[in-house]
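So, here come the structures, one by one.
Two complexes are shown next, each including subunit A; its partner changes from subunit B in the first to subunit C in the second.
Here is the complex of A and B:
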């Protein structure tokens, strides 16, 4: 043990500081007992340092590991998956303190710390998190520097200063690599952490059983328009369609899941915009009707929704061109249209009867749809996020008894009635509206903007969208959710600290907008800087550009840097010219052509002896040169380049001419 | 003058057959005012070599047989009460000779070893508060059995460092051994040897050694050698500045013996194995005797020019 260097006090201090800084950003997803574990381990380690405690033996360590595993199993329910694995990682990072005896162990801990800093990005990759991570990185570097200090060093600041300097020096290199380093696709995709794939949308909806809709102000996506932003009443962001109804629950049908783009024809002026989507853990993408995207972003499914091959598990940037006035599947009856007429065998007799009544009254589809919308408008329906639970005939109960609900209720009920009246219809789920950030000319759509509406099909006209919620609460569509809510609902009253609640405070709102702007820039230019975008930027800078050229540039820059470094280290301009050495090199080269090579450790005299043995005819000339060299170099004879040159040329003329051997 | 050195060498070589290189190195060591450690098995001629050197150089000779019960006083001398004069009278020990042969030095306890080694370093001894100078010239040849022999106290590195050179005599070649078997007993030859140098001549030769020219290029070579031992991973530790001084002094003496007034890299290479062999250890085996292979590495890899 005594031969192994221990851990200096400064390094231990900084290591503990670094551990706290590394663990803090993980706290949002770590179970609380982790704090206790760290406090215990750190306290134990400090006591070991003060020689008040011993290192735990094998049994104690084994027990701790089992305890941690049990804790993870209890709090996460599993030992696999990203969440459990990250808890396990942090626990390892903590427990390693207890077997940190030598510098080598401390090094392991420090490298593990760097890894933990990186894993924190899986949970939070905002600008604050990125800036914050400089802190633990600096602290870890400080611990690394401190590890090289003597155990007697007392002052904790010099290593910090050195580490800070190192970080600062690394910044230009970091920027350079950020801009130029090619981004490679992930080799495998990580499942999302549980708390990250928040989405207000799911692939089914069950309005009858929802007593209270949970509202989240988390961001769903941002859309930036190249031209003017359309009024929010037109912003219906389609995500998916729900076509199957079992009496209570709307869900996706198999017909919609066919990756065959349906027939449609462009009309009117297109809208161009970019979307930066937050990770949703789902495969669908958001677009206004009818969207067009590049092939590598996703593909259009049979119900006009866009879908990727893999779930969106990190922020995604894609470009869309939408044709809001396009005509969809107007020419022929779409395959699978019968799914849009599907109804449960029985149930909801009053609604069916009402539908039959309407059908008799309005034989034209358009007129019937208008009548249903008018019904919602005229009758005393209430838009609320706290509807009453519905009975077994949920549609009947809603349409004729409670008359309180949110978008899913209205869309579901209307689709049911249209189908009962023989009109193909389906529920579209997505987002509606969004908040315009005036300084950035982009729209932020949050999870509470999730919405459901209806589209119906008729021959010759194709699919058309209508929104029954607009009839009940037009302000929901035109101004946003908070305007549509009644007193009893209260906007975001489950999130008292959300800045969105205090929009009436102008300065706060402006502050929030600027902050959002900053985040948008981060998303757009930092996190979204990959693939296409990187290529485009580099093309802007360097004209025609491809990855091969980038590789060349990178290799060239690297070689240049190493060359400059070598120049600085070797300083060839400071070496004085050494004519004797130069002459001797020529002599060596000359003899090497005749197969006599000097070994590195061979002196001039022994080399000359050997050479004279191998070339006996030129022995005299070889010895003359060697003696001349020795006289000048070792005996303090007058330095004369000419004498050496003459001896060399004598030898050269004595030797048969050879270019190489 | 220099031819007298050659005569010395010839004379010793007549007694110690077939060991020209070692004899030359031993003389080099003496010219450079260094002490010599001879490490070999018993009966290889260690004593004969030292005795012969003492004879031809005209030095007074004393031999101390080191044993495990040898005390420092046995080496340095003691004060004995003289009842006639009523005073303590100092009786000098065997160390007060010009050439001291410390036979089997590693059989004595470290305490006795250090008494000798201090005298070697200081050139004087302090006994009972009185400092007494040792004769000039003062030259120690210590012999030791290889460390693996039983009942020995190996010299620590710090004390090995005080010897300028370590030599190993080795078995004689067959022809030399034949001559040895056919000729007279070696010990009988010794009293018949005549001294070739006197003290003044020896002192003059020793004074010439530091004047032998060592050019910048040669110093660079010595520095490269030393730097290699300090930076290359296979060395447990590098050579000390004392070692680099010793290397240069030995190379100068070697050049003087070769009748040159300047040093060339070959001189350094000739003395390198015996000067640094006992000061180097392999990192893989810090207590072992890996010096030899490290020296070979140095000779082969360090650029001589």
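Here is the complex of A and C:
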């Protein structure tokens, strides 16, 4: 029946509405010409409906498809990959409108629509996006209702009400399935949205890169602690180390990529926390030193950083236990330590000379490091995000001329000096600090918290971290970037509407915090509800648990929910036959046992008369019942079940007892 | 396999849903399964689930589960659209072979309104109707009348795909309906056998009403042909009078099966044609079939009796 031609007006209208709603969230990543394509297709389809235009013929359709393919190729550069595929899907969804003649075509369109909604989730999965997606889904279901051959579907609102009702009624069951349906790992790998737009640390660093990051308020990750959150000044989130210096740029050395965990020993009290990381498009994870993670989260590389096998392309939740006081690589001459002494062949002569001078003055590494830090503290260095450009001998220029810079400058310069003085050292890139959300006991770390610091090695002690920035701008470490910046720098001044700029407005800050909290819960409990998280939750609920029991709970609760809904929908109590007719049926059965049967079409009155003739002794009781019944049924008398029952039982006791004839 | 199971299936159905002039659909009588659209929907859901699994995307999981739940909830809605619906057989007039026999079915909904209830005999198209709340709808169904005699249709399919078309709830009901099918009228020469052997008797006796000879006027009685009303007398204020004709018994017309040529169906068709012709002309006639004789008479009642005899000829033997 679905192949019958013709799509009702209301269904077409709802389809167009649904299409707009489906396409809107895709607009962020769709090329602009797609809007024109949709407008054209929708206009054409409406004209077809009004009999003012014809369906496109084969040539027109072929031309359109080629045009779209060319458009995608031009704007995306490729036809493969998720990004291009999603554009292609939306284009198909749009063009299908033009050749939609029959109900079957409309069904194809609706199913495609559901797919487009799912695709949108791959690009945006916040609370608002999820709530919004209920709109297109309801509209698509409404269009589905509108395709039915019913007068019902000829009015605009009843189908919408029905579809909305269906969605609402489906919610409890959906929640049940969401919680209990077993999650599994990906069956095969699929193309992912490309990470063009993702800002974050990269595996090589020029000072300007971090300045770039400091302008972004995008979330990098959240960390929730099981115990007290440590003070800000101790929160150095390691991402990676930069060991190779070419005179301008610090980058990762090949040696750091050796997937062999270095030797280290635990000391002090551990810290337990969870991290929900935003997609970074990179493989490394963030942790406080020295982190331990489960085997399937990632593995520790030679420079103490944690790395996954695949890039983090969707929010990722992992658990870490950190040992802040651990001793790292305290053995004599760890392999690859020479990389931490590498310097360019030439350049920056003044810095090298100063390093030699320091070396002569402080033979002890610790003393030398303290002297360098002291230097940064005493001399008039300025912490700023807008330093002057540096000359070709960048370290010299910074240390002895400009003396204005931010973490990357200080860390880079200090590492250079330490290496020149013969102390193995390297730059650590990561994040520092974060904003505490008091109600949630978690910390949010944003891109502007990106930071670089230094660690140096000495025999017997292993690696130690120091932060030259702390000497210059302790408020950066203790309170955050905003406090450290001077008036001229301006915190987030290219984002005038970022609520982060208005933290002094208490109510706005409160609002922002609540919203962040909501998002955190969403990330943690909805988006992060995958394999391990599910297992943990279910174990919490049921103690020990196995899949068999889970299936039982799922089926049992599901049946209960459906049963309740069925009761609400079918209202079986309303279908019970009325008491008068029930009583009359009993009366008939009673008399039938005494051989008086009502004939088809015989009224209550004539039946009673006939029965009274056949059973003269009980004539009075028969008459009483018949009159009572007639009064209630036909004469509009008050309906009383008891009166009928009484008359019936009188009759029964008047008759001789008989089970059957 | 299918053919072998058919009688079994019929017997089971007859036990489960016995034939009756009025059938109320309930959970014993309603079957429900996903429709073809529903199967495609399920495949689409599976693909969406794969997206959810492969991208580890909770929202894709969520939407898939939402649509699965909508599907499940729709089972109840589709069932509800049929449950409690009462189907009643309405009358259907007799037809001739080659015409369409009409079966009237009344749909009553004691409770809620019902959308898009489809009735019919597959594989022909079903008729779709809405039933108002606490109201009723009549549906005229038709089936080609192919053979004379009683036409008893197959079990009637009642189905509903409302609201989403993903599921189909259906029932097979037997409303115990039957339509009499007369033979197809066939024009042809008729060797008239007037009278039953007493042709030599020339005396004319008036015998009952006829169309041959004017006898006088009498009072109108319901059932009299309007063509015989004496309008002139009526305009004179004498009331409704009917011109009374007498049939001349000596020229009684007899339609005789045995006097015709051709096979029996052709003969019946020819007889049928002449029954209609004579009734049209208001002529009295008798019908003689092997084993059955209908005395000469005229009028619509007589015609129907004759046609019935023709329709059922040989059926009981």
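Just so it is clear, the second predicted complex is superposed on the first by the 522 of 661 C-alpha atoms of A that agree within 3 Å, B and C clash if a C-alpha of one lies under 4 Å from a C-alpha of the other, contacts with A are read in each partner's own complex, and residues count from 1 in each chain.
To be clear about the criterion, a residue touches a chain if its C-beta (ideal position, glycine included) is under 8 Å from a C-beta of that chain, and two chains touch if they have at least 3 such contacts.
What you are looking at is a predicted structure, and each value in this text was computed from that prediction instead of being measured.
Asker: May I ask you to decide whether A:147 touches subunit B, subunit C, both, or neither, giving the answer as first, second, both or neither?
Answerer: In the superposition, A:147 touches subunit C alone.
Asker: I'd like to know which partner A:634 touches here: subunit B for first, subunit C for second, both or neither.
Answerer: Once the two structures are laid over each other on A, A:634 reaches subunit B alone.
Asker: Mind telling me which of the two, subunit B or subunit C, contacts the most residues of subunit A?
Answerer: Counting residues of subunit A touched by each partner, the higher count goes to C.
Asker: Can A:131 be said to touch subunit B (first), subunit C (second), both, or neither?
Answerer: neither
Asker: Given the touch rule stated above, what does A:602 touch, subunit B (first), subunit C (second), both, or neither?
Answerer: After superposition on chain A, A:602 lies in contact with subunit B alone.
Asker: Looking at A:177, would you say it contacts subunit B, subunit C, both, or neither? Reply first, second, both or neither.
Answerer: In the superposition, A:177 contacts subunit C only.
Asker: Output check: A:360 vs subunit B and subunit C. Expected answer is one of first, second, both, neither. What do you get?
Answerer: A:360 contacts neither subunit B nor subunit C.
Asker: If you stack the two complexes on chain A, which partner ends up touching A:309: first (subunit B), second (subunit C), both, or neither?
Answerer: Neither partner.
Asker: Would you mind writing out the residues of subunit C in touch with subunit A in their complex?
Answerer: The touching residues are 36-37, 40-41, 44, 47-48, 50-70, 72-74, 76-77, 79-80, 83-84, 111, 115-116, 118, 126, 128, 130, 161-165.
Asker: Contact residues on subunit A for subunit B in the complex?
Answerer: It comes out as residues 580-581, 584, 599-606, 630, 633-636.
Asker: Please output the residues of subunit A touching subunit C within their complex, sorted ascending.
Answerer: Result: residues 1-2, 107, 111, 114-115, 117-119, 121-122, 125, 129-130, 133, 137, 141, 144-145, 147-153, 162-163, 166-167, 169-174, 177-178, 181, 183-190, 192, 314, 526-530, 562, 565-566, 569-570, 574-575 of subunit A touch subunit C.
Asker: Which bits of subunit B are touching subunit A when the two form their complex?
Answerer: Within the complex, subunit B contacts subunit A at residues 213, 215, 217-218, 260-266, 269, 298-305.
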